[in-house]
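Each of the next two complexes has subunit A plus one more chain, namely subunit B in the first and subunit C in the second.
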Partner chain A sequence: MNHLKEKIFFAILGIPVLICLAAILWIILILSTGISTLRWELLTTSVLQGGIFEMVIGTLYLLIGAVGVATPIGVLAAIYLVEYSSKGRFARIIDQALNNMAGVPSIVVGLFGYTFFSRLLGLGISMAAGWLTLMLMILPIIVRGTEEALKMIPSSFKEAALALGASRWRAIHSVVLPAAAPGIITNILLGMARVAGETAAILFTSCVLVTRGLPKSPLEPVMALAFNLFVKITVLGESSERVFGIAIVLFLIVVSIAAAAIVLRIYYRRKQPWLR
Partner chain B sequence: MVKVEIRNLNVWFKTNHVLRNINLKVKENSVTAIMGPSGCGKSTLLRAINRMNEIIEGCRTEGEVLIDNQNIYDKNTNVYELRRRVGMVFQKPNPLPKSIFENVAYGVKIHRMTSGSKIADIVKRSLEEAALWDEVKDRLNDSALTLSGGQQQRLCIARALAVNPEIILLDEPCSALDPIATAKIEMLIRKLSEKYTVIIVTHNVQQAARVSDYAAFLYLGELIEYGPTRQIFENPRNELTEKYITGGFG
Partner chain C sequence: MKPIMRKLIFIHKSLREEPIILILFLCASSSIIFISLMFGFLTMEGAQAFFTFGINFLIGRTWETNANLYGALPLIYGSLMVVSGALVIAVPLGVAAAIFIVEVLPFTFRDLVKSLIELLASIPSIIYGFIGLVFLAPQIASFFRIPSGTVALTASILLAMMSIPTIIGVSGEIISSVPKEYREAALALGATKLQTIKTVVIPVSKSGILASIMLGFGRAIGETVAVLMVAGNIAIIPEPPWNFLSPVYPITAVIAMQMGEAAVGSLEYSALFGLGLILFTITFIVNTLADVIVRRESKFKGGVKR
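So, the complex of A and B:
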């Protein structure tokens, strides 16, 4: 009787796993219809000649720029929250604000970015407006990730530095931060992977369907894979294999960033015995 | 010569009155042991001497701690310089996640005491003083975390010595070590007292008897008895002290 119960129970537990597997297979199946259109030359050929060069580079520009803006702000905010603010009211308010920020739907963030950065600050449809809007989405991820990484560092490291006569900031930047750096970088990469396919945030703020070459300044609009997919499917009604080819490229970019983060994490786990 | 004088010291953590009216004079170039059962406040007393209690939230200190007749709780005390003069070694060896060399050089660098090749001399001298040089001289660039527990603790001692301290505080430095490593550290402590004033916290009564010149017995935040180690062990005045050193409780 017990044996039967167990079998039934495991069967029930297995169903969600099967659903996930089926979904992944389904995605791969759909994407694979685009494989036939992929050529290495596509990556290096201009859009004007039927390639996707500007889209790939544009996507990377947006990602790197957004992370570039979000990283210093996010890391400093996390240091403040972990090391300086005592668990007072102010820290709780910031904490709650971050939770809310992470929960804002991306289309709302995009709308805010459009009205605030593009219109009010006059950045227009530009890469810079896209960076700032994406930053709003990455910031909670980076702050939370950095907080986690900082909390993993044993307090004995900081105590050792303080006992030698180091100031608090000195102890943080010469001991705590270097030890936490791999964890922080891992989390930044994961944040990057999360927003790499983000469409709504750049929809109104920074993208156009076609540009002549790459943007020459942050104030120029940019092409991006996700935006291109969105317009081709919804506006132009294209659903050819070519669209799926673009989707594969975007998918691979996301997966490789996430993979890099995981490899980095495994490598440093091994080198940092206090994480074990 | 009195090196450290503690006057009417009271310490609270939030509402918990951890140290009650402590008065104590520590002699220069001697080893003073602070004994007592867990939770009696002996670590707090030690950390009052380099103001390390301050990094704990909700800590309040009243009274005076004088080093060379200067109250270190004065408003104009430079706490970084104080912690250079008063080195500390912790219960669990806590080398920084850096190389052996960088661990010893760390304090020298933050205090900008010297630069270039002179740092290497200080590192060598400090490691020799901590009886570690021969074991690590060929692997100074290895991570300090590759050393054994006993070596790590001697590295922490070398790190404290590198910044030219006058007083060394040791907070149960052997409690995480095996008997052989413990014996090495105890020998080292005896030797250090020739040059430095050493204050060691221990809950190991035999250790206090072996290494110290003076011993203090702390119980529930109060200093019960203090005097030459010999007298404390052979002829304790207080009943509690006698009970503790004979293993009655603890």
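So, the complex of A and C:
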């Protein structure tokens, strides 16, 4: 009797999981109704001729630039926090600041990016301003992820290097860091997935609806999938085939980055026994 | 400030051995610098609105760009309404799902289901907004027989979909961090699995789950694009206040919609930064509280485990 009750209760608990899985299916089903719009020419023809080429490349430019700025800062910060900082009040303040940074709404990050990077630093509406703004959003993810990856490396790795006469920094960058690299890369990818579809943060800082060709320097504005989708739907009220195409391409980019991160993590957890 | 001074002296000493430490230190402090810069600039740009309207910026009931009148109460109310609606849906579902995944689901499926939910979390909000506007809103309109489906309820449902993965992720982590000995002790005393969950796992992870709800709240109140597309965007307090079939205009949506046309330095511009400051403050408080809860919790658990 008790056993049956338990079974029923567990089954009820399982319903929300099914709802989540159904939601994924639902989203994929809706998007797949527009899959006929997805042709290879759409990706390779210019916006001026009805394609979305500049948007795709612009999105990738923004992503790569933002990660390029955030990765060195984030990884070095995490090394300091894990290997050098004395776990005192200072470390706690940094910890708190990181958590709060991760929680700042993206639209507020966008406002700040506009006043600080675009206006005060004079970058204007440009790709560089977008990189720096998006960097603010990725940074906490990369620091947290790198911290976790570094903590998983057994201290015997570092001790072995130190015993051979390496300095602390040497031991970290030539032994600990390579061992932690897969974990760090996973988190960089997760950070990329988080900002690939980000709209609010780049709304005022780096995007325009149409550019003539690709941006030639970081100080030029850029086109992005998310921004174009946003403006086309809300401002122009457009719901043409191209809108569907943009949505599907954006979805595929984001989901494949996230999936790559997840697969990489599972693969390395199996391969490196000390990570368990 | 004292520990920072001590830190600087320590760094100065160790610089001779490892110059790299200064760079590492600067990178680590960047989060403090950025968060202070954000606060400083939002305050600076928003000051004009606060000086012009005083407390009425927070409690005024009219937000009218044409009349240059900025009272943020309907917007704050709109945000809170949409988010609380979302949490009412998302919290029970999310927590139940987290318990199911950690406690019930066989180990072989766990990684797969967790990964799928992580994928759900990675879907950009603009995609949710698109789906909400094109598919969910018409459904809501025809179900409740209202002329337009872009109302608070639609925004709440969409937000719930978006915050469930966060809640599952964080509370799942909390639940699986309950020490194994606790569970084994209960099972050894003859408790069933269900009884163990009810009397040991949930009470122990209660405050952690609370923290995950607060994080979900912070995430949801800052959500912009999806909410903007389906909330209706009319700056009113619904009549009656719990009428979820009325359009609302959440804070984030106002900023995104009006920022493009606000002239730099105008009162409207400043009012939008004032809204940004309000949002920043709300999320700052919520995140700090969640942090305090988690920290106290881990201290308590550490104390028990020794």
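Note that the second predicted complex is superposed on the first by the 267 of 276 C-alpha atoms of A that agree within 3 Å, B and C clash if a C-alpha of one lies under 4 Å from a C-alpha of the other, contacts with A are read in each partner's own complex, and residues count from 1 in each chain.
Everything below uses one rule, namely that a residue touches a chain if its C-beta (ideal position, glycine included) is under 8 Å from a C-beta of that chain, and two chains touch if they have at least 3 such contacts.
Worth saying up front: this structure is predicted, and the values here are computed from it rather than measured.
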Fit or clash - subunit C, subunit B, common subunit A: fit
Touching partner for A:V175 - first (subunit B), second (subunit C), both, neither: first
Centroid geometry (CA): angle subunit B/subunit A/subunit C, rounded to a multiple of 10 degrees: 100
Contacts of A:A163 with subunit B and subunit C, given as first, second, both or neither: first
More subunit A residues in contact [subunit B versus subunit C]: C
First (subunit B), second (subunit C), both or neither touched by A:M101: second
Which of subunit B and subunit C A:I138 touches, first, second, both or neither: neither
Contacts of A:A66 with subunit B and subunit C, given as first, second, both or neither: neither
Partner chain(s) touched by A:I30 [first = subunit B, second = subunit C, both, neither]: second
Which superposed partner A:R119 touches (first subunit B, second subunit C, both, neither): second
Shortest span in Å between Cα atoms of subunit B and of subunit C, once chain A is used as the common reference: 11
Where subunit A meets both subunit C and subunit B, residue numbers: 86, 167
Parts of subunit A lying in touch with subunit B, wherever the complex brings them together: 86, 154, 156-157, 159-167, 170, 174-175, 178-179, 272-274
Residue ranges of subunit B touching subunit A (in the complex, touch as defined): 50, 52, 55, 57, 80-84, 87-88, 90, 92, 94-97, 106-107, 110-111, 145, 156, 159-160, 163
Contacting residues of subunit A [partner subunit C, same complex]: 2-3, 5-6, 9-10, 12-17, 19-21, 23-24, 27, 30-31, 72-74, 76-77, 79-81, 84-86, 88-90, 93-109, 111-112, 114-116, 119, 136, 139-140, 143, 167-169, 190, 193-194, 196-200, 203-204, 226, 229-230, 233-234, 239, 243, 247, 250-251, 254-255, 257-259, 262, 266
Subunit C to subunit A touching residues, read off their complex: 3-4, 7, 10, 17-18, 20-21, 23-25, 27-32, 34-35, 37-38, 41-42, 45, 92-94, 96-97, 99-101, 104-105, 111, 113, 115-120, 122-127, 129-131, 133-135, 161, 164-165, 168, 192-194, 215, 218-219, 221-225, 228-229, 252, 255-257, 259-260, 264, 272-273, 276, 279-280, 283-284, 286-288, 290-291
